[in-house]
């Protein structure tokens, strides 16, 4: 069953489009499918909104990544363009825009250009199901978690295509590596999300968020004592691998494979991969926020005066604040740890993460059965 | 894969449909070949069957050029060999020249030499630490190592006038005396270094991912290490306790108290540990010397034109990479008949194939980082 | 990647040990980067073009070769050619000329900066202290002619 859009804007469009169309001459009235037009307008609004929501955090994320890594490494990072280098990204994009997108000799041109188009599809679709605020959600799918897993599986396709079509042996090794990696890590990623689904009793992200309303100890990271925290850490580890981010970036592995699947890409085609990487980072952080950190709920602490102030702040601010905190954790991971070898990464998944996640899942059942969830 | 891509040094691949081996050309433009080194790697999947290093991309004919230069000018050339330990190369050349000319070195100059050489060893090992971490994928480690190295180079700049190509030592002492600020600066640096090194130790040494990547990887047996002519940390990690500073002491090393760390597994992790401990040993050496620098001349009196008598002279030093030997053949003039350099990286790199055989492609990067080759020294 | 056969009990022991020591080692590393992250004093970046005014090279810094001149622009060079002989790269040509008295003096001191390695051997060789290593370091130029310099402004006094 497809859920209906519940946002006030959607309702407004649905109510008013027939009225506006009613001003048209009478003789064409019977031929105008006003309900369909209203839906179409709603779809277009959603698409634009998702594009904006998807693209808008990327400059922030890239700027943040540069500054965080610079400060870890005792550097200042970009400082030239604009105050503290905030316009650096504009210059980078301008550079990438003016570069010729060039396919190497012997490349499978069709697949080569298809890959950067595919790569952006999955992260944008993922954004559709995320509740940024109480009414700020494109579709509250009842199967949101399986949908996210499916879309992540789709994201790997572009990596495989790009690596295969590049006619570069490094890219080929890289795409094979990333295929193996993502297929393995998807399992533990799914396992952890399954745990949350089990605890919350629903696979809809809206309902998962609703199950965490109340004080900050009602978030799933605290609500299931210890278990939630462990699950959150496991989520961070397996999603880092899902994201193909350092330290688990064996597919990119600059030191070994000179950039891996995007070695041969340049200009905007490369920018697409770059963009997708950061939208994926943002989406995954959003999922972590929804599943473990209470989504858009304010961290109320039980004292009424403070709670009123905290609740006064809009939910999206809390949501983005938590999301960027998760992003910051990812960045600390990236700039601290070294990369495991490909077989060690597989061993980590199959010998450590998967058994531990299964255990967590079993403990989740035990917690539910014995009612060890905080009220 | 067309056949014409086969390169000298490779066997013909067996004609077998199931045997899917292929070649990868690593370098000369590659992020982790540490310079213009080209490795042709024969792979079966990700498993390495054979690695053949191709040298000569920055061959400058230094040994031939030296025949046109006089001895003092050749010291400048030695800067350009192992640019990470330029000052130790200067020392190596000067020792050979002093041996030939029979010049003594004032005590003050000996102390200056030892302090600068050990500082340069720390700088070189910091670059190793940085590149090792960087090649494992830890970009932060890369920056940390270079940060402290810059501080050492600041001291070099103050003393010698140049950060990298120092050209400082001369037969019979050094080019200039040390400035007054040298001793307090070195002391401050040592204090800072000890804190920084303990941080870096915490960051990488026990890191489980780094250990997994390096323990048991690229094992070089004692016999192979000797057979390939490895020296320095690569040799000592394989269980051979050979350090020129101890076994054939030059300068004032015989009067100093320091240990030569030896490890016995011969894998990448041991090569990493050995360099880390050598940094601590170097700090120990500098600490012994820095308060005892005697007054007096920094250079012995000599004739304006430096000449060597007829004959051939050889002197070896222990640079950060290993045994750096200079062999000078003189016919009595002020320029050499022939100079040959025994560069440590060449011997160490020769063992690459033995180390890398049967390992993964990712391990090749680790192994290459722990050999710590400097290509201008190999190509000369 | 050891192929040695170990007992199940030993294997589990090692596995559990790794489960504890592994995350602990990672946390150790994280503590270092966190400390660096929250400590802006450790930043070592030099804002180069901005700090040009305060940037001072060390006295011994070897930039390019410059001629020591007094306030009248007179140099100390006697055109003996020691520096020319000391130079390993033939970056220096000392062109001598004869002054009115018929004495050999410096005519032109040609300095090919493009081939100079700034080793400082010429300065060491000069018996009169007529040349020294300058403090400059911004020499990039678009034309190779910019690197062919004549160092002396006036003829030498001999």
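For the reader, a short list of remarks on this structure follows.
Here the chain labels run A, B and C in written order, and each chain numbers its own residues starting at 1.
Here, contacts are C-beta pairs under 8 Å (C-beta built on N, C-alpha and C of every residue); 3 or more make two chains touch, one makes a residue touch a chain.
Model, not experiment: these values are computed from the prediction.
By number of C-beta pairs in contact, B-C leads when A-C and B-C are compared.
Chain B has the Cα centre that lies closest to the mean of all protein Cα atoms in view.
Work out the mean CA point of subunit A and of subunit C, and you get 48 Å between them.
With each centre defined as the average position of its C-alpha atoms, the distance from subunit B to subunit C rounds to 20 Å. Among the residues of subunit B, those touching two or more other chains are numbered 140, 147, 203-204, 207, 209.
Residues of subunit C found to touch two or more other chains are 1, 26, 29, 32-33, 44. The set of subunit A residues touching two or more other chains comprises 72-75, 335-337, 343.
If you check the complex, the residues on subunit C that touch subunit A are 1, 15, 19, 26, 29-30, 32-34, 36-37, 40, 42-45, 47. Residues of subunit B touching subunit A in their complex: 22, 24, 30-32, 46, 133-141, 143-144, 147, 203-204, 207, 209-210, 212-213, 360-365. Within the complex formed with subunit C, the subunit B residues making contact are 69, 72-73, 76-77, 79, 140, 147, 150, 157-162, 165, 167, 175-176, 179, 199-200, 202-204, 206-209, 211, 216. Listing the residues of subunit C that touch subunit B in their complex gives 1-2, 18, 21-23, 25-26, 28-29, 31-33, 35, 44, 57-62, 86, 88, 117-121, 124, 133. Only residues 68, 71-76, 79, 332, 335-337, 343, 351-352 of subunit A touch subunit C when the two sit together in their complex.
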